[in-house]
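Two complexes, one shared chain (chain A), two partners (chain B, chain C).
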Partner chain A sequence: MWLAVSPGLLAQFTLAGLMMGVLYALMALGITFIYGVMKTINWAMGEFYMIGSFVQYLIVSHLLGPDLWWLALPATAASVFVLGMLVQRLLLRPMFVGGVERRDEYATVITIALLLLLRSLAAVINGPYQHTPGSHLPDVTLGPLSVPGAEVAAAVVGVLVLGLFFLLLHRTWPGLALRAAAQNRIGVQTAGVDLLRLDMVAFGIGVSLAAVAGGLLAPVYLVYPTNGAVATTKGFEIIVIGGLGSIWGALVGGLLLGLAEALGSALIAPAYQNAYGFLLLILLLLIRPIGLFGERARVV
Partner chain B sequence: MQVHRLVWAAMALLVVTATACGQNRLQSSSTTQPITVGLITPLSPPGDVASGQLIQRGAELGVEYVNSQLHGVLGGRKLQLAVEDSAGKNDQGVNDYRLLVTEKKAVAVTGFFHSSVNIAVNEVAHQIGVPTISTQGSAADITAKHYPETFRTHVIDPIRVSAWLQWIQERGFKRVAMVAETTDYGVGLVDETQRQARAKGLDIAFDAEMFDHSATDLTPQLLKVKAFDPDLLINIGVGTPMDLIVDQAREVGLYPQVPMLVSYDGPVRPQWWQLHPQDGNGVYFIAYYSPREPLSNAGQWLARRYQERYHEPPVYSSLSAFGDVLVIAEAIQRANSADPRKITAALASGSFSSWTKATVSFPNAPGAYYHTWSPPVLILHYTQPNQDWQHAELIETYSRKT
Partner chain C sequence: MSSEALLAVEGVSKRFGGLVANQDVTLRLERGEIRGLIGPNGAGKTTLINLISGEESPSAGEVRLEGRSLLGIPPFQRARRGLLRTFQVPRLFGTMTVRENLLLPYLALGGRDRRAGRRRSDELLERSGLARLAEEPARHLSGGQQALLQLVAGFMCDGLRCYLLDEPFAGVNPLIKETMIDLIRDHNRRWSTVFLIVSHEMPVIRELCSRVTVLAAGRVLFEGTMEEVARSREVVDAYLGREWTP
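So, the complex of A and B:
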């Protein structure tokens, strides 16, 4: 079975893995970014991916049409950004102002409850249906390989969104404040930054990254109430591989996971596609338990 | 002394009268209160929620039909439905069953979709004795253990496989690829196909690529299939994976160049053409009902009522669940009792009306055929875009050969 694939097929697997890796990275980036700033994990991340895919579907199919899908994407990101800020304000902010002792446990319980609520609500509202916004993008030929247009577009826009995110983080004042909050929350507060508002913005940005991934993949992987479940699993795999809280870790981890799944499928068997990521994760935990770009805790 | 005796006698009379009144009231309430039918079906993830909702719709309309058109059972007692969500999980399904039969006093339980849940529940049903009817579980073990309390009104793997192997022979396909999920359903169908092909000595090369039901990227499997160069692709995904295989097979250049057979009636769902506006055309699929088959009077009532309520025609999941409720109601009537053991005996010995004109019965047959009634297996074919599934080309009808 090993290496019983032609070079052309292997190249096709590798390309598919890299493109998938970009979108995995987008998903993981949202989780790791929220953790970096707020020091809490959002377990309902996949549900924001799901909401993003539904918003994209509704805008494209009822308003703009498949040719203007790219115009729907900012609207998807903006609406989920606002929703994320509301969720943070109503459900997560109390743990920062109410003197909650065990914030991690509180955030875990709240976001898992949110996950169940959003998923069940979507199942009730949507009924027994799946949807697709459709795509008119033609297949793209890369050398000997033919790649679906919607997947290429998703990967290219994914890279652009990642670039925009890095620009925001490194070239703007809010980006500076967010990076500072990720380094030292108390220090940022003493410098006069409204940390509670910053948390809202960070949560909004994080979930809108997931929504963008959902919107981009809507024509490829369909729109239905549970489509965020896989995205959540992959996202958490990546942040463990890359290192919790590390932006570069999310990026590299996403690409590595995409490649591991693709090459494992090509060289061994596609039936265990999900297992290859976990194998990579276990291997990394044995060699470097803090992840590729994770930092060791400094305790005084 | 006599006064004392009189007081004691009066008190005794009072107690006896009160007890008798109480018993009368109990008897009276037990002969008028509704009879509960349990429904265990997937209504939340990771179960197939879409199928669960369609099954629930059919069962609710079944209860409505019994109460409004047949005026209830046992001389006017209403039927009521108690719905529990299995989420496609075995442990949850078992808890649902216990809750339904102990707390809600269900006299029979139906609605099962996931075979594994059905198999797990049947173990408990065998101890407790309240019968189950599988609405859409096709794994052999649901009835192959020959538990007297277990019944099924759905196609089992050997029948489905026999139908498609016959079609494959008729069409002369020689290289057949199967993309199947790693569930009881997927693994069972792959194994059964290869077993029957060997037993029949068919000269067909098979390739089976498996995937996890939760997977969304099936490109690796499909690229491997493409390298196998098949002349037929059998799509053995259920729900979303089935749709993903259709789209992604087109994207890798496999379909429609290679014809595709979908292993169940997923393409009759209303959103098929919305999901596959171009590549939906040309697909072959297994179905268990075609509008060209006559419906029973009850089935026609369901079709009208369903259309009124949901603004679309009923599909097999709803028809089958509707039929199961009717079968249970008729069994209660035949047993002349709401006692689950008597209902079980009535189910095992009688024949029943359902959504189809064919008569439903549960024979004491060997293997997985035990207590199983199977609708015929049809192969339908979409021949033009946006074709109403009711007008899809009927390629062949395969009835069970006993």
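So, the complex of A and C:
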């Protein structure tokens, strides 16, 4: 059975897996980035993916049309960035100023409540309907494999967004402050950084990464109120694989998950696509419980 | 004494539940002064530093910088007013380079010109002997070098008025200690920066500080020159117990 697949086909599947992995990585990067700076987990990440896909769909179908999808994407990212900042300001900031003792629990309760609220709101407003913004991009043939153009575009733009994110982090002043905050929240305040404001920015950036993934995948998968659930699951699978709080872990973990799903589908059976990631996760937990790039404790 | 000291700690108390860490502490530092803050372990020195820098808020009393109350002002805003501090265990950014560790406070405290920040960091790295480590991650530095880097980071700030140093020399080798002393002296001479230095290293305190405040059991036990402190019976008692005779 293993040799039933030709090397050429295997290469195609590998490429397809890596392409999907880029979008998984975006999702995971958002989670790990917010955790890195704020030390809290945003369980509602998938709902921002969902909102991103809806905003993209609305802009494309009502304003710009499928040909200008690339123009809609920055608008999607920007609007979810602002929404994220608002959510952080109103719901999460109180735990940093009000002397909340168990921040992890507080953040868990708040973000899970937010998850339910956003998902239910979307269901109420949208109803049970599924949408697609559509795409005019022609299919791309990768050897024997024909891939929808929107999927290729999503992967390419995904790589670009990852590049932008790294530029922001390593070449700009807010990036420097964000990296510093991820390492030492007290030290960064002593150095004169307004951490409460920085948290807002971090949360905004994190959720807009999820929104970008949602916007890019809107024409690939359907747009509906619960489409964030899968995104959340994959995002957290990657976090466990890569290690919580690690940017590289999110990237490598995302690509690995994409690969595992594609190769599992090719070599074993496509029906269990979602199981291969968990298999990888369980294997990794047995070998290295802290994840690929995880740290037991941060050492300064 | 002039009407308003640069840094004024007025009747500050701090209680943690039943534990009294600071009791009615009053301290006035004039512009250009280097003050030592000494006392036995558990005397409340670090708590006092935390109260001044804003990490903790006092149960009573207040802290003023250049006549303005710091009540309710968070640490980052105190830093922007020129009140900086170091920690006993250096709070550096381990995976960031030595230079980035310097650029961060520079940019956070109002420096917007990266090139000027780079020049300043070059100069300080040169003078502190860390130049060849500029692009190394800070966590690769030795403990002493980390303490030095932490000290130098404050000097990146243009508006530095008052620098609180919590055990800056602990575990630092003599060579680096000398460098630190030179840097502190130089900055103090050039900009009249006020320093409040917590330390157990009496020779260094004697060398640097014109006046010393002795804290014991959360209260100010004594204030004066190092010579006066050394002659004070109660200080000696507080440090060594009452059995000790010279």
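Methods note: the second predicted complex is superposed on the first by the 284 of 300 C-alpha atoms of A that agree within 3 Å, B and C clash if a C-alpha of one lies under 4 Å from a C-alpha of the other, contacts with A are read in each partner's own complex, and residues count from 1 in each chain.
In the analysis below, contacts are C-beta pairs under 8 Å (C-beta built on N, C-alpha and C of every residue); 3 or more make two chains touch, one makes a residue touch a chain.
Not measured: the values here are computed from a predicted model.
Touch counts on chain A: comparing chain C and chain B, the chain ahead is B. With both structures placed on the common chain, the touch criterion links A:Ala191 to chain C but leaves chain B unconnected. In the superposed model, A:Ala262 lies in contact with chain B only, and not with chain C. When both complexes are overlaid on chain A, the residue A:Trp173 reaches chain C alone and has no touch with chain B. On chain A, the surface touched by chain B in one complex and the surface touched by chain C in the other have no residue in common. Per the touch definition, chain A reaches chain B in the complex via residues 5-6, 9, 12-13, 16, 20, 119-120, 123, 127-132, 134, 139, 146, 148, 151, 220-222, 224-227, 229-230, 261-262, 265-266, 270-271, 273-274. Chain C makes touch with chain A in their complex at residues 53, 55, 74-77, 79-80, 84-85, 87, 89-96, 100, 103-105, 107-110, 114, 138-139, 153, 157. In the complex of the two chains, the chain B residues touching chain A come out as 43-46, 49-54, 182, 209-212, 214-217, 219-221, 223-224, 227, 240, 243-244, 247, 251, 253, 269-271, 274-275, 277. By the touch rule above, chain A contacts chain C in their complex via residues 173, 176-177, 179-180, 183-184, 186-195, 298-300.
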